[in-house]
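What follows is a set of structures for review.
Below are two complexes that have subunit A in common, paired first with subunit B and then with subunit C.
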Partner chain A sequence: MLTQIAYALPFLAQGFALTLWVSLLVVVLSLIAGVLLGVGLVYGPAPLRWAVRIFSDTIRGIPILVLMFFVYYGLPAIGLHLPSFWAAVLALTLFKTAQVIEYLRGAVGSIPKGQSEAAMAIGLTFRQRLAYVIFPQAFRRFLPPWINGVTDAVKGSALVSLLGITDLMQAINQVIGRTYEAMPLYILGALIYFAVNYALSLASRRLERRFSFIRE
Partner chain B sequence: MGYALNFNLIWRHFDKLWGGLLLSLELAVISIAIGIVIGLVLAVWYVSAGRAVRAAIAAYVEFIRNVPLILLVYLVFYGLPTVVDLAYSAQTSFILTLSVYSGAYLVEVFRSGLEAVPRGQLDAGKAIGLTPWQRLVHVRLPTMLRITLPALSNTFISLFKDTSIASVISVPELTYGAQWINFNTFRIVEVYLVTTAMYLFTGYALLFALRLVERRFRAAR
Partner chain C sequence: MSTSSNDTPALLDVRNVSKSFGAAQVLRSVSLRVARGEVVTVIGPSGSGKTTLLRCVNFLESYDSGSIRIDGKEVGFRDSGTRQRRSERDLAAMRAETGMVFQSFNLFPHLTAAGNIMLGLRKVRGKSEAEARSIAEHWLGRVGLAHKADSLPAELSGGQQQRVGIARAVAMEPKILLLDEITSALDPELVGEVLAVVRSLAEDGMTMLMVTHEMAFARDASSRIVFMADGGVSAVGPPKEILAAETTNERLRTFLARFRASHF
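Moving on, here comes the complex of A and B:
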């Protein structure tokens, strides 16, 4: 049993690398999209606010799996042919973007209004207010939940296995298909996911504690 | 482009989606019921236990929260029967998984709820001569449940969405029904539009109903 698993380790490592690559892409892309849309939600004109609100509530209201199948099977049907890898990344990014929008809204919303008014009173432009007054303060409210939310991207990435992409989850299933050692391999897989995500949630908690002494 | 929407085939097979939605709700309800029992027992045990028990409960919570649900579903359905002499249907297996999964989230919810019960209430209970068991059942738990009701609602709605993972072991819930129609009729956009609408409508209807219940039972301040 152990020799069989040892034999499969390089293959599992490749799958793990793909899991990390998918997660990294999703986290970076959703951070950019989520912060832009989040600013739109808080400061944008009414039509934009409505559009972002509907986008976020819709995405958060359906299972990621349905979102993923919709993107993966639906886009080719309307003539957009994405490789399955990018369809999966797109679906997970949409899901994660909705989360980032809410983190940003929460963080910016926690900054007292007087800060913005004071910045306006000394003549800062909108961009300067965001860059020098709002964001530096909102950052410590945004960071802990955001880092904790990265675990959702890593966990969500296991769903790409259903689109035939050989991530860690799929690699484990393939090795089980050959060796029939289901239990040890699932436990090994669980421990690998656990190690990554637990490290992230510890980091999040530590940051939260570090920032918690700052009073508004 | 040039995709013409045609919902006829969706309505012809709508029983797959409707039956699936009912099964999704059933899975979520049974799992949260078992999860609440697991969560309550472990949370009450946690706050009164020694170090070793606390560490064990914390390990359970952290393990479940940091592993993808789909892996847990596979582990229980394909893995567990190879080491223990148990045979169960896919549906039972999924309920088992989702119960243990929701239990881990609910331990945390209930534990923080128990800590949020005002000290004075417990002292008052003691002052009127309630036994420790009476203080737990008549003072601590009712107040804790009121405090945790919003978190319970959120957990239930996210469990309802998580039931979609049951489709990977062919439990015929809503996502499975959607895939069946996808593969058998190729009305892909239509079926996922309808499925999305069903998840959204049910989820927000539940949220609305649960918020009403919460308002009724809101903890007195």
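Moving on, here comes the complex of A and C:
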């Protein structure tokens, strides 16, 4: 049994690399899109605020699996054919973006209005106020839910296997298909996912402590 | 009315400014001039529009009609007179010319005392790190906090925080300093140290417009006092005239009587 697993390891490693690649893409893209749209939701003009609000509420109300199938099987109906890999990344990114928007809104909303006013009063422009006054303070509140969301992204990336993409999950299933050793391989898979996410939450806790000097 | 404001060109010229929040009119055609080097205090019952007026002067609040000029330049709207809001960059540049000190201090909690002062100097005035630091240290010295340069706001007392707030505002060398009830959030024993700083700035010729409930301070430090009631200017004059118990202005007399009853 162990020899079989050892034999499968390079194959699993490839799947694991793909899992990390998908997760990284989703996390980075959703961070950029979510922060931009989140700023739009908090500070934008009414039409933009409404648009972001509708986007976020809609996306968060749909199961992620439905979203993924919709992007892969549904969008071709309007002429948008995405390869399975990018359809999966797009679906997961949309889902995560909606979450990042809410984290950002919560974090920025927790900063007292006086902070923006004081920053305005010394003549900082909107971007400068965000960069030097609002974001540094909001960061500490943004971080814990966001890191949580990153671990969710790593776990959620297992769904891409349902579009036939050979990530860690799919690799495990394929090895099981050859060896009929389900239990040890699922345990191995669980351990790998756990190791990644546990490392992330440790990093998160260290970061939080580093920024804990910012008191209310 | 005092004559001093009409002889010299006004640094701050507020003309017929009106503003409503929904159905409530908070400013009713307010006009007010502050000459260079003058200290003008605004008093009045709560809800009379004092703070709103102050916030309009650096355009933290917009207003519906009228004009506010500092050194001849319209504050929030383009000079064309079309009531077109200035661009973000323009507004920021205009606001850098007015200093503001807040009731709730509003220090940046993630920056040290020196860092609070340096931020505007670095990012708005474009000064080097070293230059900004030395200016910050100079002003911290002026407000008696040279030894607290590297303390975070949370490590300072209320009075110390407010003195940093003042230093942060004046370090930008504003044309006019706006003080919005800056001692109202302080424990009584800390009020004196903050007022002493304001007094020394006044002696240096800093132009100031302040809202305060410290009548004794208003009497001693101001060139003129403006009494506001129901969103309008009800009386303007030198402290002696305004704070005299025998004033004929009914509203002012009621305000002062109430004020004396609650404070003494």
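Please note the rule applied: the second predicted complex is superposed on the first by the 210 of 216 C-alpha atoms of A that agree within 3 Å, B and C clash if a C-alpha of one lies under 4 Å from a C-alpha of the other, contacts with A are read in each partner's own complex, and residues count from 1 in each chain.
Here, a contact is a pair of C-beta atoms (placed from the backbone, for glycine too) under 8 Å apart; a residue touches a chain by one contact, two chains touch by 3 or more.
Computed from a predicted structure; not experimentally measured.
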{"item": "First (subunit B), second (subunit C), both or neither touched by A:45", "value": "neither"}
{"item": "Partner chain(s) touched by A:114 [first = subunit B, second = subunit C, both, neither]", "value": "second"}
{"item": "Contacts of A:10 with subunit B and subunit C, given as first, second, both or neither", "value": "neither"}
{"item": "Contacts of A:122 with subunit B and subunit C, given as first, second, both or neither", "value": "second"}
{"item": "Subunit B versus subunit C as contact partner of A:177, first or second or both or neither", "value": "neither"}
{"item": "First (subunit B), second (subunit C), both or neither touched by A:133", "value": "second"}
{"item": "Subunit B or subunit C, by number of subunit A residues touched", "value": "B"}
{"item": "Residues of subunit A contacting subunit B in one complex and subunit C in the other", "value": "none"}
{"item": "Touching residues on subunit B, where the partner in the complex is subunit A", "value": "1-3, 62-63, 65-72, 74-75, 78-80, 82-83, 161-165, 167-168, 175, 178-179, 182, 186, 188-189, 192, 195-196, 199-200, 203-204"}
{"item": "Residue ranges of subunit A touching subunit C (in the complex, touch as defined)", "value": "112, 114-115, 117-126, 128, 132-133, 136-137, 213-216"}
{"item": "Residues of subunit A touching subunit B in the complex", "value": "58, 61-63, 65-66, 69-70, 73-74, 77-79, 151, 154-159, 161-162, 169, 172-173, 176, 180, 182-183, 186-187, 189-190, 193-194, 197-198, 201"}
{"item": "List of subunit C residues in touch with subunit A within their complex", "value": "58, 60, 88-89, 92-93, 95-100, 102, 104, 106-110, 119-120, 123-124, 152, 154, 168-169, 172"}
